[in-house]
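Given below, in the form of structure tokens, are the structures.
Okay, so subunit A shows up in both of these, paired with subunit B first and subunit C after.
Showing the complex of A and B:
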């Protein structure tokens, strides 16, 4: 029993990261029509930002740490996202999907390569913030406080994003822009700016996930490359462009993965890809995708 | 080329108009990639007028509206709105000047409900219709305001596409074939709406294939052929011009 709940929790944690990352990918794909292969690298950058802040950023005698990283890392990586969009992606919108994919793929390799040169490929430890150290005994299992925090915080972030996109005026611009950017712009909306900010938002979300992941998975140059493959499978299963789809599929597949680890560990690394194949055969647009 | 009927001529040899037209289009050219579609379009629309663009399929009417709105990939020439050159502005800047566009394909957003569609275009000026006034013009929209935009009937979608640009305060409306494919009662309702809007002082540039409909709402008609304006017919002279119009339109 202990072990089952333990694996369930691991699954939920992984699912939290899948959800935050696939959410950003879905939003970016919706508006920019670009499959953003830098997403894993941006997640890794978020974690490295947090690590750097913890190592060496002081204000006077005060050592900045985890909590300020939750704000600063998304801002820094979001700004980097602005740079990528304005200087590179912007030139590709008129071309085929494939160019955006190749550019972001290459960029991800460059970023990861630079970090591997600098930091090697072994992980750098990142301590759990003191406030969230320890845990509870729930009777049927031990819940480390930090893991509980990650699940709750990422759920809140995902649902808040869903709410803004699906239920607010700002979100209606984004939804409309996803369908017909030229018309939205002809109504007087600065769509190029909206595109830049959307990419920056997706980048910031990846960075936030990276900060939250640092105490769990350690900080390493390849952490993003490893997770992003699974996240792409999640996005394919959920269906590109569906916000709730990305969230539900992210958490759901994390849990499925965790359960597989308990019941049939040999399949735990492949189960998501098996599901992907099955979904592609039965519903090619994905579980929540709209058929065209 | 003909001046707007409301533009008084000074009587001198170089007829400088007493008031500039609201919209002045001169030598407008447009391209889609390699295809050169507009070859120098010239016309004027005076404040408060309803003016149509007539012409066969593919004459360039839609492309003319899109070029005014700034949504074609490449355009040249001059489009002057309220005295300001707009040819180099991005479409969002043009919209902000007070020009609103109702596209031929209507452009209702599937991921927005009716009210969200209605509220989407931002207000660019004072003096737009209120939502209550729009629902008064098109009562169907009120009943269906929580429906998905594209679940509406064709006629309702057209009402929504017109309704949502009335809120913005734009004074010049570009309407692209608002009656296309609609039942006669709906066509009549849209006709009455256009007349009402004209009474309220809106200026309307209307693309139409159906000149019987155009004759009931417009002050003047421009005829387009092969990417140029080739004639102007005041509505009062439409009957006399029928033979030539039939030739232009090939009907």
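Showing the complex of A and C:
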């Protein structure tokens, strides 16, 4: 029983990463209609940014680097997102989804290739910031402080994003802009700018997840490629474009995966895809998606 | 034509003939080596470009080019896929005149290349692959296996740790042939040394998060957690074990296959205290240090792994045999010559090659230093124990190799 609690908690922690990444994907798909395969690469860029900042501003033992990375890395990667959107994606909005998918997939391969060539395959060291090192003994398991921080931070970020998009005026502009850009533009709202910023925001979310992942996962050029497929499955299960769907399924599937790791570890990487198949058969639009 | 010109011509003809006869079986006086490795994936850093650098340094140090024999080195990426690897090997042998293939990390690819090499009667100098089958049930008269294998890793780490008091084990095992082989061999070694295996968990390859498995390992109360995995999986599991306070809680981590590039990637803060077995460490003696000093600038600062060292030693020994025989065509003959001669190189010291193709050299049980103990870049390991050559590798009688009579 104790072990079970531990696995549930661990699942929740992994779910936090799935939620944060799938949230960015869902926002981009929901508002831009782009299936963004660069998301994994942007997550990786976030982690590398954090590493770079740590290298350049390492002040004594206190890793100021980590805390500043949480802000700087999303900004840098967000700016990179603007560049991608302005120079490439913009040209594809009128075409089929497939073109966006192919372009972003190719771009992801290029980014990963460049980084692999530059930094090698075994990855870069990144320690846990001293302030978050250590952990508590919960009785049924040892909870590293850092993992607790990841869950809390990701919940806050996810819920804030959901709130902005679903409950504020800015969010309503965004949603309206995707439904009927011409009409919204007629009201004097700069829709192309809004779209660019949305993509940048999605990219920044991926980078933020990347920074948070750096101390616990291997910081390597392939880290994004390894996780992106799972995250896509999460988005599909939650319903493409559904914000709340992405958050809830992210955490939910993390827990399911955690339990699988306990009861039948060999299947832990496949269980999410099995669920995806079942959901697609019963409810093709996803658990929280709207059928058109 | 005056007399001087005539005698000059005569001399030239005589010279050409002399070289011609002396190197009758080295066409164009050129030896062609193919470095087949992983240049883009998981094992890029421990093999890859570094293996090419090591091969080139070996050619330089052999001095063979001063004797008029040219050595050409080409390279290709097998992408860790057996079909890709064997297709390249076949093309190299059939149409590009390659005489020997070197390195080949990833056991499945290496086993395929060994078969092609046997069919074409060339030479396969394995350094990167781990499977002990290469000198066991799949042994070949055309293969020499340098550096390490799964039996040696399992035996080295398993036996030594168990004897030092780590007598209960829990395995975190990569769920494929290599991981199962490592776990199986280590279990045998642990039990032979009087230890006990309390449990294990099979983890799919390329897993990001090991916390569930680490919790299971933690609650098993085993003294030692054996990591029967490689590359990114090892790095992730060690990193997260640190986070969950496994080592601080009194359990010991044993990496069954850890390369110095993995430690570099983890950082000492995370990797400290880890026990591992290796056959080469760059900071072992003056000769290995001198090699590392030449090597690192040519491979983006990476210090040589044991796989790189194995490539160097293998090429050096191969060239010695070819030079002695003046023959580069008959693979079996060259390999037999290599087995006859004792090996001697600056990196592994004196050794020998057994009839099954296994190179015998000592292995070292090492421990990763703490950040305070490390004084300069790449100063990562300290020696715990030396396992002599005759104990480090699987005894011939347990081989199952058809070459052993």
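As a working rule, the second predicted complex is superposed on the first by the 279 of 292 C-alpha atoms of A that agree within 3 Å, B and C clash if a C-alpha of one lies under 4 Å from a C-alpha of the other, contacts with A are read in each partner's own complex, and residues count from 1 in each chain.
As a working rule, contacts are C-beta pairs under 8 Å (C-beta built on N, C-alpha and C of every residue); 3 or more make two chains touch, one makes a residue touch a chain.
Predicted model only: the values in this text are computed from it and were never measured.
By the document's definition of touching, neither partner reaches A:86: not subunit B, not subunit C.
Contacts of A:283 after superposition on the shared chain: neither subunit B nor subunit C is touched.
The part of subunit A that touches subunit C in the complex is made up of residues 2-3, 6-7, 10-11, 13-14, 113, 116, 120-128, 134-135, 141-142, 144, 146-147, 215-218, 220, 222-223, 226-227, 258, 261-262, 265-266, 268-270.
Across the interface of their complex, subunit B is touched by residues 169, 172-173, 175-176, 178-180, 182-191 of subunit A. Across the complex, subunit A is touched by residues 69-71, 90-92, 94-96, 100-101, 103, 107, 109-112, 116, 119-122, 124, 165, 168 of subunit B. Within the complex, the subunit C residues that touch subunit A are 40-46, 175, 201-204, 206-209, 211-213, 215-216, 218-219, 231-232, 235-236, 239-240, 243-245, 249, 259, 261-262, 264-267, 269-270, 300, 302.
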